[in-house]
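Both complexes shown next keep chain A, but they swap its partner, so chain B is in the first and chain C is in the second.
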Partner chain A sequence: MLRHLPPLLALLAAALLPALGASPYVLGIGITACIFTVGAASLNLIYGYAGLLSFAHLAFWGIGGYCTALGAVSLGIGFWGGLALAGLLNAALAVLVGIPALRLNRHSFVIVTLSFSLLTALVARDWVAVTGGPLGIPGLPAPELFGLSLRSPPRFYWLALAFAALSLALLRAVTTSRIGRTLKALRQNEPLAQAQGIAPTPYKLLAFAISAALCGMAGGMQVFYMQVVDPLILDFYYFQTFLVMMIVGGAGHFWAVVIAGIVMTVLPELLRATAELRMVIYGALLLFAMVAMPGGVAGALESWRDARRRATAERPDPVTAAAS
Partner chain B sequence: MTQERAIDPVYAAQLTLNGLLLGLLYALIVSGLALLFGVLGIINFAHGEFLMAGAYLMAFALPVLGLAYLPSLLLAMLGVALLGCLAHALFLRRLREDEFERSILMTTGLSILLLNAVQYALTATPLLVDTQFGFDGIDLGGINITWTRIAAAAAAILALLLLWLCLTRTQLGRAMRAIAQNREAAMMVGIRPEAVARNAVILATALCGLAGAALAPIQLVQPSMGQFLIFKAFALVIIGGLGSIPGAAIAAVLLGLLESWIGGFFDAVWQEVVVFVAMMLVLLLRPDGLFGAPRMRAG
Partner chain C sequence: MNGAPLLRLEGVRKSFRGVHAVTDASFAVARGSITGLIGPNGSGKSTTIDCLSGFQRPDAGRVLLDGQDITGLPAHLVARAGLRRSFQQVRLFDALSLRDNLMQAAQAADGVGWLGAVLRSPALRRAELAAAERAWLLLDQIGLTRLAESPAGALSYGQKKLAALAAALMPRPRLVVLDEPMAGVNPSRIVEVEAILRRLNAAGETFLIVEHNVDCIMRLCHEVVVFEQGRTLTSGPPAMVRDDPRVLEAYLGVPAAA
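Let's look at the complex of A and B:
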């Protein structure tokens, strides 16, 4: 129980933010941090744990956005119905894309998932009857809970926070479960895991589906925050942001990616960086991480800790002592 | 309307020539990508930004050199090759074999950095590039071709020919093919992989810079010009067989023609979709054969 205490305390502190008189601007940053952190964490499940670099998450994010919006506007199932539909549809799409894509090697996986995202962007732009074309669907209604409108910044902030808390809890549960350990085993040594009687594909598909569902629901949250969905939701900017957050935090480290998601949303705002300058910094960070610390900040800390342990443990290792 | 146009031979010839030029420029981009995959085993996500850099260098060099086409083209090509050399020395050199995901993330970082730095410094406003040829062209029985397009096609054909000669007839090219075919054996006979990788990066980025520079007077120059083109190029590399330079180049020319015809006779949407549909078909019919053996063939 004690190990759940720090995240719960952080959640409590975050929930108290509107009560402490935070301005709508600060709450807006908080909402973005919540949504983007879920995006980065969902990418972490598929790359950090399952070892698959998926570019399809841009499509899942965008499809989730459109699906939630259409649910509320056209299908009459409201925001909640749309959000649930976004999760289910994306999970189904992930399986549909994943089955052929996983049959190929990892080179093709990258290109096929990338093409899926590009095709989705084309569909969003050109299927005018459903998506509204380049203009999109403006004027999305406010999400409601028990007849209560969640439009005001504090209320939408609480909604985003609750969504992030539940999504991250689910992802945490998956990554610490037997499924998460199996995925890690598969990433480290697939033939060995197969020799233990583990079939890789169902596990990878499951991770892909969960990750796609959560990423899509995060996209649904994003469009209701912006109150409009248009083809810009499929801009590479979003995917690149999630990618940089995950890599800089440390792929495969759950809390590191969550912290990176929050810090990397808040810090550019504090520095008053423009959109281009922020992306210049993100690009430089990604390059730096790939050159100097491929494991991200968490990976660098881990290897530094290991090195220090090795230095302090002066006792010679029995194995090497015997060998020499 | 479309029926009438479909019969018109002049219109069809115009489309064919436009498509051929487009395909030749695609071929320059794609052969560089295939070379990089063959020698370094990477997919270069920053290739579109090298193309964009070539176009901008062309746009800046032309007024300085008194609108002279050829010197500006060569300068832009050289500049991009230098940029590629720098990218190899700083980043790509650190990639070891079997670090495919790291190579994608690294080149993605480079792509984000270059694209947004250009956008930050020069704004996203498109540039219209003027050359010594202006916007004049020749008239072949109703078919109108501008001189900038003819020059671009000539440069592309020459560059592709030189690339083929380099790969098959020179020691430099043989070393690249040797590394691509069997790394260990190549090292055993004294080929240094790092130097060969550097040469391949310089060659690939120079081709890409040339494509960008030749494209600059034909279409608008803007920071995002490389983005969509590069995704098509990835699909082409798969269709042609990854690592196979002639395969990729032929697929590129075919796509250029196909896109031009489809764009001329059907809805513009299909023009952009055709490459991905072709890739899916190829992957379905030959899932292993195309990606399976990362070997480079030059003829």
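Let's look at the complex of A and C:
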């Protein structure tokens, strides 16, 4: 139980932020950090663990946004019903897209998922009767909990924080279970896993579906934060942000990606002091991170630790080592 | 070693775009035996192993494991039916620890589903406890206990071969197929690997071993199957196979009468 203590303390500290008199501006950054971290962590499950680079997550994010909005505005199931529907619909879509996309190889998976996102953006723009076309669906109502409006920054912040905590807890439970180990095993050596009785496709579909559901629900949170959903929700900016968070943090490392999600939401804001140079500095930092740490921060720490362990390790046993 | 054979191949055939890799693989592996599979390069041994383990689908013929028809089943179902194999190019999950490699090898056989895995069900805990115990036992038998927490990728080649053997044994399979377990192993250590295999066999494991090292096969096996040009040439006890003129011909390319 002790291993749960640090994240719970961090959660508690984050929950106290509004009580410590944080401004709406600061809370806004907090909300974005919560939502984007879930996006990055969901991408981490499918890419960092299962080794499948999914561009479909942009579509899942957008579809989740539209779905949650339509649930509240058109279907009469409210924000919560819409959010649940977003999760279920995206999980189902992930299975539908995943079955053909996984039939070939990891490269075709990238192409198929990318096409899916491009198509989704077209549908969002052109299916005016449902999506509202380029104008989108403005004026989304505030989420309510037991009749309590969650519009004010502290309340929406708590909502986003609870959403992030639950989503990350689910992802953590999956990745630390032997399902997570099997996903890593499949990425490293698929024939061996098959020879050990593992059917690869169901595991990959499971990871893809969970990942899609959470990313879609994060999209739902995002549009209710912005109070509008339009085709901009399918802007490549979002996917690129999740991707960068995951890669800089270290794909396949759970907490590293979570921390990167938070830091990389806050960092651009801290650089606001230098308005013109902001994105230049940010870009330079990213470039430096990629050149110096191709495995992300966590990957760099890991290889440093391995190197130290190897340096201090005893000489290998001659009996077994001689076989090499 | 009595009773019906554990594994039986009947007329297994496999071609790749007109190349007849295997034309007639027919042999049996007796329960409790160490059976060797030898033959010159290109005689179809590896394709046969791929066919019986589900990595290739045979064009014709039957594969029976303990009476059950496993012909053409995908690899993961062959594995679940109780046949585990190693690979010629040793395969391990390099980034996982040696211990996790063994735990991973056992998991598909214990019947715990996804929900049980995520919720850490009591059945999962029992299964993992049993697997951990077996992992320690096997690591002890191959002498790698002290490397249990090392990443598999950091092991030496010989250690990897032993680790792959232990992984194949994890779920208590009915049959273990080893594809060239001695290849790349230092000649001075081959006898030790032989001793490990003999010990495991005495404890009840059945092995089918593909190997180029004929001396090793002759020392180790109860039964030897000889392949030539994609078909089973002959099979029998080592002494008999060794003196078979057709075997000499297959290996040396000289007519038996010469």
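Convention: the second predicted complex is superposed on the first by the 293 of 324 C-alpha atoms of A that agree within 3 Å, B and C clash if a C-alpha of one lies under 4 Å from a C-alpha of the other, contacts with A are read in each partner's own complex, and residues count from 1 in each chain.
Criterion: contacts are C-beta pairs under 8 Å (C-beta built on N, C-alpha and C of every residue); 3 or more make two chains touch, one makes a residue touch a chain.
Worth saying up front: this structure is predicted, and the values here are computed from it rather than measured.
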Review point. After superposition on the shared chain, which partner residues are touched by A:V130: those of chain B (first), chain C (second), both, or neither?
Key: neither
Review point. Touch check for A:S177: first (chain B), second (chain C), both, or neither?
Key: second
Exercise for review: Based on the superposed arrangement, let me know which partner A:L53 touches: chain B (first), chain C (second), both, or neither?
Suggested key: first
Check your understanding: Between chain B (first) and chain C (second), which, if any, makes contact with A:L286: first, second, both or neither?
Key -> first
Review point. Of the two partner chains, chain B (first) and chain C (second), which one does A:L96 touch, if any: first, second, both, or neither?
Key: neither
Practice item. Name the contact category of A:E276: first (chain B only), second (chain C only), both, or neither. Key: first
Check your understanding: So, does A:A169 touch the first partner chain B, the second partner chain C, both, or neither?
Key -> neither
Practice item. Could you look at A:I247 and tell me whether it touches chain B, chain C, both or neither (first, second, both, neither)? Key: first
Review point. On chain A, what residues does chain B touch that chain C touches as well?
Key: none
Check your understanding: Which chain A residues qualify as touching chain C in the complex?
Key -> 173-174, 177-179, 181-182, 184-185, 188-189, 191-200, 206, 306, 310, 316-317, 319-324
Revision key, fill the gap. Chain B residues touching chain A in their complex are 43, 90-91, 94, 100-102, 104-106, 108-117, 119-120, 227-228, 231, 234-235, 238, 242, 269, 272-273, 276, 279-280, 283-284, 287, 291-292
Point to revise | Contact set on chain A toward chain B in their complex | key: 47, 51, 53, 100, 103-108, 110-112, 114-115, 118-119, 122, 126, 236, 240, 243-244, 247, 274, 276-277, 279-280, 282-287, 289-291, 294
Revision key, fill the gap. Listed in rising order, chain C residues that touch chain A in their complex are 53-55, 74-77, 79-80, 84-85, 87, 91-96, 100, 103-105, 107-109, 114, 117-118, 120, 128, 143-144, 146, 151, 154, 156-159, 161-162, 167, 171, 184-186, 188-189, 192
